[in-house]
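Consider the two complexes below, in which chain A is the common component and chain B and chain C are the respective partners.
Up next is the complex of A and B:
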């Protein structure tokens, strides 16, 4: 039960990365590789501030702002300097590696014993349960694990709700249309460059928030923790999309990212149980994403049914 | 309403592929006029639209809309005056958004996009009426992603979108060229209805001599980056489709030669 709950908590925290990637890769259709750097940036910023005595919520908020700035850097390179989007992201990611080392002052920071965003919930759970353990379905679960899962759930639901609201506003709808069809949104009077800037800032702010929460969940920040995180975020988005289909409505799609992220962590947990090591994590991630991308196409080819198809139709640009 | 003064544009200057797409074009459109632009491939007819829409800045010359100079302004900064329909029927709408969302985005063309909800109560009846006018039963599909509709249906909606926030200038860029004949006919009928109902000023590029003869009150034939024929009123009505075809053969014949050859040789064949 403890393992299941902590897997869910991790899945929920990484759903924040999923939402960031959802904004850039799927809504904006911009392959943003800044994510690998901004995830670590969020973790490093929050950890450094918390060790300097800052309140964990303020530290996490500032970490998100730092992520937004990283997104801004990529956006400026892509829109003002005319650099290919994927390369702009790689440049940001590369520079961020050094920046993250500067922020932390060394290659990793430990957060053991430091008060985190999960602490208030932990205190609450302890008071309700009358001790450091909670009985769930007949098993004793440490209160901090319960607190992590609860805090992460509330945070992710709030973020998903805000995204649902934002993506239906005039501005958020323009963002969706801009990803779908840049030419159309320009003709309607919105600068596509501005939309790219906005989308990358929001996306990387979410990713950095995910990084900050991840660091607090695991009580450490490390300069190389972000490597491959973009694929992990993509895995949530793609698994979610495979679950609900291409034509799903916005709230369903948003929920699917959350479910996809948790499901993906479950798959990873199972894989590790069957004898793979945590070092194999990135390999597992890549293989899972590959399978989810390829299987629907094979299914269509073998059966002629488009039930599992992931392709968008009718658009001048295919989905990422 | 729209004024171009000595607008020139050369693509790939200084290379063997140099194209002098617009050569010092002067043009003035009166408010409420409907101008048809025809021309052979590479004659500059689409470049003319691009210059007006702001797809690029001309090498020289100036452009005014309603006495506001827009020469250096980017495309999105001209959108408050201009409604556009492209040749590609999928280019004018966002496929993953619903029909209603596409209409709502278009209704705020050229305005600030804020944090108010895009779809607000009270708009739906208006959109349903606008869609009903197309006559394809699209008013029942407001909540479907527009990507599920056919090219003809989407082009018709794009036309409605372009007219929702009444544009000062409607730019139509061969907007029926990629449609099947039945959809093309429907879109043309809708074009005529919207332009006449709202008294719009329109600049319409077409490849169809039948459309050029039947529609509009002014006809411009572009050739080698310049208006070669510019007629309106009764003079325009004299240009039937067959005579336009002859004009085209002549323009195509000239396209085979360079400028100097044309001046010397072509008069000899007249």
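Up next is the complex of A and C:
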């Protein structure tokens, strides 16, 4: 049970990265590689501030702001300096490498024994359970694991709700429309550059928040922790999309990122549980994810049955 | 709402995955174990030589203490392959599984497991330069210094010792240069320590940092352009990668080098104080064995005395007028003498590294032969030697990386399987004795010109087909045969050499060899048909990397033409051949192990001749022989090693 809850907590925290990637890659259609750097920036900023005695919630909020600044840098390079989007992201990511080292003062900061955003929930769970363990389905689960899963769930649901609300506002609708058809949005007198800037700032703020939460979940921040994180975010988005289809409604699409992220971590947990050779881990993970993506479509094609069909067919393309 | 059904399926999948995890959760089901049967998890965050060697050392020490699989113990390795999300999950998984002890290798895995270890499983950490990064203080346990279930070993290289040796060897040195990658765990720590210790000794430091190996190279160039008396290599993966090139540049600029990489001694670095990673792993494993034996972790102090090893290059020292203290030379594990000769002293169980190129069927046979050969030589893997095997799975770039890693890990002997492995080793190995196996014609690779004249570090066993015997069998079985046929691969040296040799022997026996080229498996059928269209009596297919995988195609083409097919690999007897004259790959492995054992016992590989396999096998497919009306003469039938129905 502890493993299941830990995995859910990790999946939920990384869903924040999924939302960041969703905003840049899917809504804005901007291949933003800043993510690898802004994830570490969030972790580094939060860890450095917490070790300096800051409150973890404030530290996490400042970490998100730092992420937004990283997104702003990429957006300015892309929109004002005319640098290709992917290159602007690479430049930001490269610069963030040094910035993260500056922020941390070294390459690795330990957070053992430091109060985190999960600590208040832990205290609450302990009080309710009357001890450091909670009995769930006959199994004793450490209170902080329950607290991490609950905190992450509440935080991600709140963020997803805010995102839903925002994307339905006039500005959010313009953002979605800007990603789909920049010419049209310009014709309507809206600055596409401004929309890209806003989207990248929001996306990287979410990624940095994910990095900050990840560091608190792991009890350390490391200069190399963001390497390849964009792939994890993309995996969440793509698995989610494979589940609900492209034409799904906006709240379903947002929920699919969360489900995709948790499902991806669950599949990794199963791959680990199978007791495979250490060096085969990544390959098995990739194969398991591939199976999830391919089998339903294959089943439908071979049998004609829609029993396992995941996609919603027809209808206009969803907002993002 | 569009798409809700898929969302529901996703949630059901999560529930199913959760249920699968719960159902396979063994944390509450501990089996009755023997007194010495224990479950130990060994966690590392990534695959770098220091972690791999240390993990092996841990396992060796635990096995030496009696915690072996034969005794019912389970020593299980976990590797997050540099993915911190996966590391987090691995640690949660291990923390909730019924392990008796968890050993973490490296700083990040130690940090991640300490967070995940809610059940306070006994935890021994190792290969952590600064235990404070884990929230652990050095010394005896006391309240607040560390959790009572945790102990371990610090692994900080003794920079003061290195600088003292520098002062003793070269008192005139005033300014030293260095470079490091500040993003690497511990590198920054070492850089700061170097600055402090150098300052204490009145040495000025000129330094530069970079974020990767290429940048480190540029940083080193910049540092060497300044007036430094000596360059210092600090423990840093990027510096490790760039060190051979930096050493060459330093030699050109006449800058002496010292550092923390023992292997740099071969590149000219004068004084090198490095970690004996396998030895450190052994030390950590010994602590782990104490915990398994009943000593509470809180009663084992956290110490910082890693196993260090000096390597010394006296030839370079003489060139710069340095005088290395005799005490350091006497204790060094590797000494390059003033005349350039190399002396090596081994501290731990010798390790034999086997490098295979692909998962061809013969690879397993050779490996089994190597293991059996070492047992025959009283050097059983796990007891007399440590045997590790890597396989490039047919990928040439992976093979090169494996060769580089293997050479850097400094095994006692490297054994290679197949020609590409030998070729990669010839290019990248200039210090470790090598025994090759399964190379059809080693001389085309440039390893030597004849059995006794070869590269001083290389010897081995060929897989040279027994063509004289093949021709003898063909001659006796099909006395009227005038034309033989084969397909060969023009871009594979071994294949061309095999075809030429078979053609020469056939000619001597009064037959012609018709051949056709195939560059890939998909060309095999066309090439075989082209050979048959020229009118042949017997198809005698040589074995190369293409034919090895596509032999059944030749079998089908020969079946269609009702032509007898003779092969040169044992498994070909089930893939269309009527007769096979093959090398015994198991025996090739045994012969290779004999040579490796000689080297481990002190023999110089330069004096060990390259050999062909001692015997070959003769196999008959009786069903196919009946179909084709083939009858073996009695003289050949007597020699049969195996009949396949």
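Throughout what follows, the second predicted complex is superposed on the first by the 274 of 320 C-alpha atoms of A that agree within 3 Å, B and C clash if a C-alpha of one lies under 4 Å from a C-alpha of the other, contacts with A are read in each partner's own complex, and residues count from 1 in each chain.
In this section, a contact is a pair of C-beta atoms (placed from the backbone, for glycine too) under 8 Å apart; a residue touches a chain by one contact, two chains touch by 3 or more.
These figures come from a predicted structure and were not determined experimentally.
In the superposed model, A:222 makes contact with chain C only, not with chain B.
Look at A:259: by the touch rule set out above, it reaches chain C but stays clear of chain B.
Between chain B and chain C, C contacts the larger number of chain A residues. By the touch criterion stated above, A:247 is placed in contact with chain B and with chain C alike. In the superposition on chain A, A:180 makes contact with chain B only, not with chain C. When the shared chain is aligned, no partner comes close enough to touch A:53: not chain B, not chain C. Touch criterion met: A:6 reaches chain C, while chain B stays clear of it. Contact with chain C, but none with chain B, is seen for A:267 once the two complexes are overlaid on the shared chain. In the superposition on chain A, the residues of chain A contacting both chain B and chain C are 247, 312, 315.
Looking at the complex, you find that chain A touches chain C at residues 1-4, 6-8, 10, 14, 97-98, 100-101, 106-108, 110, 112-113, 137, 139, 142, 144-145, 214, 217-220, 222-225, 227-228, 232, 239-240, 243-245, 247-249, 251-253, 255-256, 259-260, 262-263, 265-270, 272-273, 275, 278-279, 281-282, 285, 292, 308, 310-312, 315, 318.
On the chain B side of its complex with chain A, the touching residues are 53, 74-77, 79-80, 82, 84, 86, 88, 90-97, 101-102, 104-106, 108-111, 113-119, 145-149, 154.
Taken in their complex, chain A has these residues touching chain B: 166, 168-174, 176-177, 180-181, 183-192, 247, 312-316. Taken in their complex, chain C has these residues touching chain A: 1-7, 9-11, 13-14, 17-18, 20-22, 24-25, 27-28, 44, 47, 76-86, 88-90, 92-93, 95-96, 107-108, 111-112, 114-116, 118-119, 132-135, 182-189, 211.
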